[in-house]
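Each of the next two complexes has chain A plus one other chain: chain B in the first, chain C in the second.
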Partner chain A sequence: MIREVKTSRYIQRPPMFAIVLLSVFGLGNLFLGFLRSNRILLPAAMLMLGTVLTVNFLDWNAGPQSFFNGMLIVDNFSVVFTGIVVLTALLLIPFSEQYVLDGQPNLAEYYSLLLFSLVGAIMMVAYNHLLMLFLGIEILSVAMYVLAGAQKTNLRSNEAALKYFLMGAFATGILLFGVALVYGATGTFELANIRFAVQNPTNASLTPMLYIGMLMMLIGIGFKVSAAPFHFWTPDVYEGTPTFFTAFMSTVVKTAGFAAFLKLLVQAFPAASAQGLWLPTLTAMCVLTLAIGNVGAVAQNSAKRMLAYSSVSHAGYLLIGLVAFNGELEGASANSIFFYSLAYSVATVAAFGVLKLVSEQRMREDYDGLNGLAKTNPLLAFVLTVAMLSLAGIPLTGGFFGKFFVFSAAVENGHIGLVVFAVVMSMVSIYYYLRPIIAMYMRDTDADTAEPLQVSGFQSAAFLLLALLTVVLGVLPGIIAGIL
Partner chain B sequence: MDQNIPQVIQTVPLQYYVFFATALFAIGVIGVLTRRNAIIIFMCIELMLNAVNVLLTAFAAYRSDANGQVFVFFIMAVAAAEVAVGLAIIVMIYRNLQNTDVNLLNRLKF
Partner chain C sequence: MLTVLLLLWPVAAALLLHFFKGSAARVAAFGAALVEFVLATYVAITFNSSSTDQFSVNLPWIASAGINFHVGMDGLSLLLVLLTTFLVPIILLASFRRSFENASAFYALVLFMETGLIGVFTAQDAFLFYFFWEVALIPIYFLAGVWGGINRAKVTFKFFLYTIVGSLFMLAGFVYLYFQTGPAANGLAAHNSDLASFYNLSLSAQEQSWLFWLIFAAFAVKMPIFPFHTWQPDTYTESPAPATMLLSGIMLKMGIYGCMRWLLPVVPLGVSQWQNLVLILSIIGIIYGAIIAIRQQDVKRLIAYSSLSHVGLMAAGVFSLTQIGLQGASIQMLAHGVNVVGMFFIADCIERRTNTRLIPDLGGLTRRTPLLTVCFLVLLLGTVALPLTNGFVGEFLLLGGVYQYNAWMGAVAGITIILAAVYLLRMFQRVMLGPDSSFSETITDLTGAELAVLVPLIVLVFWIGLFPNTFLHLSEGSVMGILSEVVKR
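And now, the complex of A and B:
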């Protein structure tokens, strides 16, 4: 079957600026590695990500454009989610600087892997064909497996890499089996055609296969976004992975995963019969994720492990956004997930940024490692406070409006019990988000924590920008709310 | 030899392929959940992926649609990339631990 190119406009413009540029830049970065001058790698990577972020918005409001025979669709949805992942990477990358100072031998590779993994993230938010979903997930994941094990002689990093790899590959297998069953039932991989086949079933005997396939796909993506009961790898992997890459995992992978999740449910399975199956499943996953994430975080003594559990709990809040789905890709549900992911990513990058400096310069990741930070590094203490308040959802921070939009979208669709439960859980979360703040402001420095942390210029600038973004999102949410 | 390959595939009823692939997949899943050697877990994951390949090929042949078969090529290529990364991770662990038993990797606890 030969498909026609839909309009000539696709030929005149180079396709998928962001993907093409990131691939080229990734290769370029590898060549920069030959110069044996590690100091230019970070500014170069920041310049590249800045370029990609700018160029990405050239596609804003250009209407849905399809590339590669309709395998990828670039529309406003994909543009804003690409924007989040690239912006997150841009704000995060200054914190890679310790690697430069440590004189890692193959530094350029790490930057290139980060850039390449963003290509996968963009494919996950722009896919229109299940092959692209699969490839996007794999491009993102395979790069992350390597990065999780970046500290080759550190056994914790090794263990994290192995666990992440085995669980990730297992999840991919489940996802693919689901894809194969859906293909068997509908005869197509394209989202719109699957939707049509689900709404107009031709052969009733294929229906069980279709729904089993759909549920297996949900499980596969649930693993990737660490939704309970498929979250069990998350705390271990996040704790063992070098902090810089943990931050990348818990922001970019989660944002891209939820965008892919939303797109799958909205574009392939919006039919009432399918919704009757995935809605209760997702609601149950959501309740479980919120409970496990929040209660698990309370019990932790390591700040990094607390953030790992907190990232599980935020997957729960994002799942509420999915449950609140109202039938359109660019509706209240997508808007709430977009705002929540942005607020969550910004706050998480700030929190992990501080934690990375603390864990590398003070060699500890527990709450006591933060003691007296307000005296030695007032800026870091302030940024971490803003980040924690945003993650807890306190007003005047981005996290508050993230939760507000998600909850109000859910209430509009009648999920009141779920929202009440989520509000109770977010009250629990205030307890563990206040612990680092208490350690920084109320406790005195001890022998380990008397020295001020060293913060480079790029890092200070990134911290200020992150705190500013969080506050702006919390004071003026109108500038991006409802953008889709 | 005058039959083409999709016709040969269609000489076996479709249900048999589905049962076969499901059985392969289940063996893979059980292996991942019960075995403790990283390399064997890894082989079980490959078994799961190959079950998917069988299923996709059978569906594609029955539907006379090349999409499924092309998908199989991509799965093979990606699985090869995963093997490269996965074995590298296992070798890295072997160098540090002289073992590939996942039970020894318990430094990170719940």
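And now, the complex of A and C:
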């Protein structure tokens, strides 16, 4: 066995608290569904997620523990990324209040699907076996296909679900094909064994098969994290999906996807020969993603579509973190991806949270729908401003240090040209991130936007918390930077 | 800990300001700013001018990357901290006559910006410096953008984009320098970003050559130096009066200070390579700003261009790399801060009374306004650099520095004094004297509150003019230190 793992804890207490609890809670939630009321379901879901989040950190520094015959490994890496996805869900859940589906018979199903999809996300960050990666992606994706079509009577939502499903199923197929080819070439699904087989090839005629398999896996995951040129579904799906689920899609799926990506590259393909193939591929994808995401966002008139393209562009910045790979699940690269994902998730939840209220109550998603928001809802305007500044990477917000860590990891590894390009692209991004701010603070209200938005006290508190988190990440990054 | 207190107090006050409304908010903000000024004065009194880097605090900030929260003050920092803490209450007092919608947010932003400015002037760590550099930008963007004139959205957008692009270049330069440094003191990181380590780097002349432009980009935009100035006149004109005063009185000094602290000693070979070009650009800026100022009809725009002209001279003095040039820049930063805030306040006083800033609409205002006339004249002569006023000391030293570097450049730069006299006296003549306008009979003289703003400024005009050594003494050690770093390599 190549990997040394502690198994003693396996006996002492039940394994994989987070996954087990989420599965149980997800089922339990379905029974609560008989009540058909957000007043019960929402606090219940928050309680469940809060429990999972707390319990998750019991595994912190417990050393790598292996479960299910080494198919899943719980280590600090998986703990922090599980932490991000669960925390994101927890921060997002308050905005399901006044959700359009409130009172509908299948309300509980949506909460359960959210919880189940998190199980998939956790499997993606803890996998040690390619089948677990595949299962994780599928559990997450299938739930997302359904949630994208949550507004059954809305054609856009139907279109989004169908598009996402068709494209997603195709990408999963490619991923699975890749897994099969890698298995064929190496004879194993386990990351450590693949790594060994790649470094010590026994049969040179199998090498092309291995690398084709690897590239197909890159394509499959690239699709899930909406990296160009596999991003085409993103704007349409994001726009059609109910905003609440769009937020979930652009944070949890992306975070889990990048954690899985990093794990795959670091643990299965760190060999120099493999790097020679995927490093240029990822670099090219990165440049393309940054360009398409940022330039695409400039051209948008809908704030929601802008955020969709912005989510593509952030996949580009995260790809820089992958390119700055240093051969471990700790160190500059992993830490920068961790910090970036966290800062990005918090800011994105805040942005979509505000946008959801605007689009539901004003029935519009363009920038003008935000006109004069600073006068009618100062808190919402402030929170959206903080979120925009964070996404643009302006200091005082977590987004700045996210970019800072990603860029410095890349500079340290000598990818200076790539970083210069990324910096130029973030200059472009300031243009479109300032537009909502200008609309909110520098334009007057019009007929549509004169009425203040209705925000419950509970949501206001959630918004404040999101803004506070973003600022804390931007002022005291030292508290979590470099913990991996 | 005093430095940290100076940094934290305005933020704390800004947060507390949320609980005040309307006029109570501005009184509270003014009180908070006064407390800050008292604190800074206490620092100045206990300051030991014979040693550098005092009141320093060095705490781990991002320990895993070797980045520290390292703040401290030498004479130069102290000078600018004094300027900031002195001008902020003056600027707040100056805005008492204007009522701003959502006043508590407005004044909170001003205080918030004060923290950013003091942070810039005291940071001893490159990334901390960059952090505060942007912290100072965000509030002024909102001050100008939310409470500004009709074209504010467009104008402030340009301002924001210019400055952020400039500072991203600087950040890139800092990141490069960071990776050249040795391990951090805490042993956790392979590099550190302390100012002292930046001073001790050995970089090749070629590296320094392009690093110079990366770092200089941020400072050149902020000052601004010709041809990076195009955001400046519009932004100064469109911003509400307090924001204009903050921009011209204090924020512009961030650029000059940045050059002195983070450019000259860090990439001295790059500086000596591009020194000539920067001096030429500065001198073009001096003449260009002055000539355009002559043509202006709008009082506020005229002062904006005059500020452009004056900052060119300060930059020229800094890049002459002479002791008197740098000393001149230090004292002129103070003098210009005092004068330009005073001038913009006078412009604001006139605009509030007449609802116009256009010179052709005004005229003959002096008859009913003896106090206004006197104050205006004193500040104006200070700006023109008449002997006995503050402007004279600064410009004399600056020109001396440029002259030492190159006599011809000194001679051309010296035209600034003549041109300043032309456009400023011409404005004074047409606004205050000249044929009567419709306002000549109705205009009222300065009120007590307005005098409370102008009197401290005028006191400083003469104080700096007559006893410049009070302040020159403070910055001397720092300037010598900077020059010795430049010469060392």
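One rule holds in what follows: the second predicted complex is superposed on the first by the 470 of 484 C-alpha atoms of A that agree within 3 Å, B and C clash if a C-alpha of one lies under 4 Å from a C-alpha of the other, contacts with A are read in each partner's own complex, and residues count from 1 in each chain.
The criterion applied here is as follows: a residue touches a chain if its C-beta (ideal position, glycine included) is under 8 Å from a C-beta of that chain, and two chains touch if they have at least 3 such contacts.
Keep in mind it's a predicted model, so treat the numbers as computed, not measured.
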{"item": "Touched partner set for A:P477, first chain B, second chain C, both or neither", "value": "second"}
{"item": "Chain B versus chain C as contact partner of A:L453, first or second or both or neither", "value": "neither"}
{"item": "Contacts of A:L53 with chain B and chain C, given as first, second, both or neither", "value": "neither"}
{"item": "Contacts of A:A44 with chain B and chain C, given as first, second, both or neither", "value": "neither"}
{"item": "Chain B versus chain C as contact partner of A:N335, first or second or both or neither", "value": "second"}
{"item": "Contacts of A:F189 with chain B and chain C, given as first, second, both or neither", "value": "first"}
{"item": "Of chain C and chain B, partner touching more chain A residues", "value": "B"}
{"item": "A:V295 touches, of chain B and chain C: first, second, both or neither?", "value": "neither"}
{"item": "Contacts of A:M427 with chain B and chain C, given as first, second, both or neither", "value": "second"}
{"item": "Touching both chain B and chain C, residues of chain A", "value": "none"}
{"item": "Residue ranges of chain C in contact with chain A within the complex", "value": "60-65, 67, 102, 105, 127, 130-131, 133-135, 138, 142, 145-146, 152-153, 156-157, 160-161, 164-165, 168, 171-172, 175-176, 178-179, 188"}
{"item": "List of chain B residues in touch with chain A within their complex", "value": "18, 21, 25, 28-29, 32, 38, 41-42, 45, 48-49, 51-52, 55-56, 59, 63, 65, 67-68, 70-71, 74-75, 78, 81-82, 85-86, 88-90, 92-93, 96-97, 102, 105, 107-110"}
{"item": "Contacting residues of chain A [partner chain C, same complex]", "value": "335, 374, 378, 389, 394-396, 400-401, 404-405, 407-408, 411-412, 419-420, 423, 426-427, 430-431, 434, 438, 441-443, 476-478, 481-483"}
{"item": "Parts of chain A lying in touch with chain B, wherever the complex brings them together", "value": "130-131, 134-135, 138, 142, 145-146, 149, 152-153, 155-156, 158-163, 165-166, 169-170, 172-174, 176-177, 179-181, 183-184, 187-189, 209, 232, 235-236, 239-240"}
